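Have a look at these structures, which come just after this line.
Heads up, the next two complexes both have subunit A, just with different partners, subunit B and then subunit C.
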Partner chain A sequence: MRIIIKKIAEFPSNFQSYFRDWISTFRAKVTVICLIGLSLVPLLTQNPYFLGIFTTFMIFTIFAASWDFLAGFVGQVSFGQAVFLGVSGYVTAYLIRYLSFPWWLSLVIGSIIAVIFGLIIGIPALRLKGPYLALGTLAMSLIMYQVFLMGSLATMWENAFGTNLFGAEGVSQITPISSDTVVEYFATFLIMSVSLLILTHITKSNVGTIFKAIRDDETGTSASGINTTKYKILAFMISGLFAGVAGGLFAMRFRGVNPGVFQPLYSFYAIIIAAMGGLATISGSAIGALIFVFLGEILRDTQDLSLLIFSIILILFIRFAEHGLLKPTLERIQELWDIVLGR
Partner chain B sequence: MIDSLINFLILGTIQGSIYALLAMGFSLVYGVGGILNQAHGAFYLITCYLFYWCYINLGGFGLIVGIVVGLIVVTVVGGLVYILLVKPLKDSHVGVVIVTFAFAFLIEQVVKVSVDPLYHSMPLLIEGSINVFGVKVLNHYILVVVASLVIVTLITLFINKAKIGKSIRAVAQDAEAASLMGINVDRILAYTVMISAFLAGIAAILYVPIDIVAPHIGWSILINSFAIVVLGGLGSLPGSVLGAFIMSYANAFVNFILFMPEISALIPIVVILFMLILRPRGLFGKKEID
Partner chain C sequence: MGVILEVKNLTKKFSGLTAVNDFSFEVRRGEFTGLIGPNGAGKTTLFNLISGHEKPSSGTIRFDGRDITGMKPHQIVNLGIARTFQLVRSFRFMTLLDNIAVSCLSPRGKKVAKEYGIDEYASSILAAVGLVDKARIPPIILPHGDLRKLQIGKALGTNPQLLLLDEPFSGLSHEEQKGITDLIIKLHDDGVTVFMTGHVLRELMHLVPRVVAMHQGKYITEGPPQEVANNKIVLEAYLGKGSEQLA
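Our next item is the complex of A and B:
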């Protein structure tokens, strides 16, 4: 905690020099061009359908980036990312629907609850090493699915509070961020940019170095006097925060949540997006999510078939293209760029 | 009361026999190769659907064809999964976990697309029932228990006595030393995954007639096997058999004594959490130094 506060205090003075260095790199130019390009999309089309697809794409980017942070940088492969998505989605949806909170406050509370879940999952999960963590977290998400599906809990909650929370229909009829899709688009765009910025910054900071050390050699890291448990829990909480942000946005984008968000399906989405973009590249999630959402939209009518195709894509990516799409693409573009400039 | 007690005993034993087969395979693959096979539920699903498909297309005769085809195909698929997917990625745990997870997903979608996403049921392998102290016991239940007992014994004998079994144990102890002794480690690991897939196939054939056929059952099979293996000790075969019976009696207790079937889905996670907090190496697990 102290480290974070210190980081925030030093931030403004560091920022200027950091930014100057950053903007001179090739990746930074590409990033800026992509961000400008995305912010120009509403000028091209005001069609709610197309803007909706872009909004979904940005939500999935945050979600996959949160998984990529945990798996790619800290080496903790979680198949329970859907838990964060679902919990935050439920809290956000419930607050908006029944307590008429404003959307941003609900989103913040939802994400905080997701962080607490990150803590709750993080502590027992730390006893699980490597692949066992994956199955433990998968079990966690399946159990959440069962709990939220329970009929007896649904009636119990309804009798006690007079509202729907548990049960198959979930929480529905939520008001979105704004009835204007352009406003919704820009709100999501802003949240996505800030989330990716923070995540990237964390991975480049001192804490990020410790995370990478834990990923590469946990025994060695703890032998150098670093409390790996503390940092792993911190990583789970950070990942939970951003998955929670994605969950709240997800609930508002689709006007409701049901127990289905806890299924392994959504964890699978995060993994396939991150794998397509490339592991351990936070911004790779964006390129993965773009392909994923648009391909999903093309194959919309045959949902089972699209999942079939996605699982084949994932197998092929993990098996043959470990680095995903982002890094090789960027290298190609940079070569091209150098040729164009005549270097 | 006495009725529910007998139901508890019978169904606990049945489920225990089935899960013993599943957990044994799961534990074997981890113990020998350090491979955490997320596709274990998918192996179950493959046999389950091949069996079902043969039955609906060929009728009563299809049951026998289904058993043979299902077991052969699942064993071959197990070998292929190891050779094509796991072996090239063996150095990265993350890769193995993700690729087998993706494979499990693939199989689920394949059965959804090629058959249908609905629930089905299958007929019992042998009809009829006998009376035991005034309680009707289906013959199929007896078949399940006997078959499971025989197979567990055979596998244990195989691991302990046969040449391949000895090689499997050698690889489990020290893969590098085993390969220096002229054991082809990759081939042994492929055999291990094939044995594990075969066991999952047997479990599917025995359990499907009294359970349902649905695309999503693979996940609960996987989670239950995992919980049992955590309970019994990672990589320990007697532990997984014992764990299987403890888990299924707990399950049957919740279902038939407490009458709260909704809670039974929560048992695996409760078991996982408690074991991890109280005794992370499981009942029979070896103590690890890290």
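Our next item is the complex of A and C:
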């Protein structure tokens, strides 16, 4: 943690040269073009339906990136990412609905609670490895689902506080970030850009080096004098933070949450998206989420089929494109770019 | 020249099998010691116990006067004991520089490394083990000899006082062995205490002034290699009973 602080402290002094180095790379140019492109979308259409799809796409990008960070960079494959999404979604929704907190404060508190859940999941997860970790986190999300679905808890809570929290209905009628979808779009856009920037920066920092070492060889990392326990908990907390951010935005975007958000289905969505974009890329999640959300919209009328189709897509990706879309696409674009410039 | 490592009555049992049996020995600061014994003698288990990767059933290990029995591997590394593994371990998808940088980021390594900068310090270690020209490639494409060097580099990143080398020569060609030998001698000259294993006597004979012999988890004898090699029990352990005549 001291390492992060040091990095940030160094940041402003050589920011200009850092930025100049960064922008000269091909990846950086593509990133900037994509960001400008996304910020121009509201100029093309102000149709709330279309902007809504884009907002959803950006929320899923953050969510999948948080999973990709944990699985791709730290090697901790979690099937319980939905826990973070749900917890933060519930907290954010509850604060907005019943305590009239402003949306940003609710989002911050919701994400912090998700970080605490990252800690809670992280500690038992230290004893579990590989498939057992996946099963443990899967069980965790099923427990949360059942707890929030429980009718007896719902009545108890209602009698005690006079509000709805548990029960199948969940927390509904949340006011969104803004009634203006363009404002909602840009707020989400900003949060997504910052989230991806921070996640990418972490993976390139010294802490990121340690995370990757844990992924490649945990015993070897401890033999290098690293307290792997500490760093694994830190990784779960970081992942929880960003999944929590996605969860809060998710609750506001869909005007409410119900126990369904804890379903393993949502963890599965994060995995599909990250796999389509490419593991251990962070920004690959954006490509994955774009395909996922738009395809989901197209298949809206045949919802029963959509999961089947996504599962088939996942299998195809694992078989034929295990590196996902981001890296190969970037390589193709670069080749094309070189041809255009006549190199 | 005090005692740096003191192992006393160390025992490790794996459900019925006693891998290390009431083992005691000492290593003095600055010494260059070998541990010999045939395959399955318990050398690696002994290393695992000292480095904290396994917990002893009984007995104590003291490092620099401090009881380290039962400590976690990373705590022991940060006190100044670094080790390498018999089967090479590396961070496969990271560059060699980052492989070393991980050790330099450990609390003990960082104390030294941050004066020079992590990357600069890691490159200087790569230079010391003779891999600096391969700093930007991942270990998956390295030959075995270079992986052995990388192991030692990773251990050096933690700035160790005592270096435990588990079979540093296994699977190497003669020239590669020479490279590693030179490297180990250089490290020892720089003041690192070295304790290494080997199951082939010949490699160790020329290198170390003192060896400890181990057989079936038990301490047998110690002394100059020539003397130990002629010990009756050591010969029996390597060649079987009735082999004195052969030798």
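Operating definition for what follows: the second predicted complex is superposed on the first by the 342 of 343 C-alpha atoms of A that agree within 3 Å, B and C clash if a C-alpha of one lies under 4 Å from a C-alpha of the other, contacts with A are read in each partner's own complex, and residues count from 1 in each chain.
The rule is short, and it goes like this: contacts are C-beta pairs under 8 Å (C-beta built on N, C-alpha and C of every residue); 3 or more make two chains touch, one makes a residue touch a chain.
In this text, all values refer to a predicted model and were calculated from it rather than measured experimentally.
Colleague: Specify the partner with more touching residues on subunit A, choosing between subunit B and subunit C.
Modeller: After superposing on chain A, more of subunit A is contacted by B.
Colleague: Look at A:T219 in the shared chain and tell me whether it touches subunit B only, subunit C only, both, or neither; answer first, second, both or neither.
Modeller: Both partners, subunit B and subunit C.
Colleague: When the two structures are overlaid on chain A, which partner does A:P264 contact: first (subunit B), second (subunit C), both, or neither?
Modeller: first
Colleague: Based on the superposed arrangement, let me know which partner A:E322 touches: subunit B (first), subunit C (second), both, or neither?
Modeller: A:E322: touches subunit B, not subunit C.
Colleague: Which partner does A:N206 contact after superposing on A: first (subunit B), second (subunit C), both, neither?
Modeller: Only subunit C is touched by A:N206; subunit B is not.
Colleague: Between subunit B (first) and subunit C (second), which does A:N227 come into contact with in this model arrangement: first, second, both, or neither?
Modeller: Once the two structures are laid over each other on A, A:N227 reaches subunit C alone.
Colleague: After the superposition on A, what does A:W104 contact: first (subunit B), second (subunit C), both or neither?
Modeller: The answer is neither, since A:W104 touches no partner chain.
Colleague: Indicate the residue numbers of subunit A shared between its subunit B interface and its subunit C interface, in ascending order.
Modeller: On subunit A, the residues that contact subunit B in one structure and subunit C in the other are 219.
Colleague: Can you name the residues of subunit A that touch subunit B in the complex?
Modeller: Checking each residue of subunit A against subunit B gives 71, 75, 77, 79, 124, 127-132, 134-136, 138-140, 142-143, 146-147, 150-152, 219, 264, 268, 271-272, 275, 279, 304-305, 307-308, 311-312, 314-315, 318-319, 322.
Colleague: Which residues of subunit C touch subunit A once you look at their complex with the stated criterion?
Modeller: The touching residues are 51, 53, 72-74, 77-78, 82-83, 85, 89-94, 98-99, 101-103, 105-109, 118, 154-155, 157-158.
Colleague: Within their complex, state which residues of subunit B touch subunit A.
Modeller: Residue list for subunit B touching subunit A: 36, 38, 84-85, 88-89, 93-99, 101-103, 105-106, 109-110, 112-113, 117, 219-220, 222-223, 226-227, 230, 234, 262, 265-266, 268-269, 272-273, 276-277, 280, 290.
Colleague: Which of the residues in subunit A end up touching subunit C in this complex?
Modeller: 3, 206, 209-210, 212-213, 215-217, 219-228
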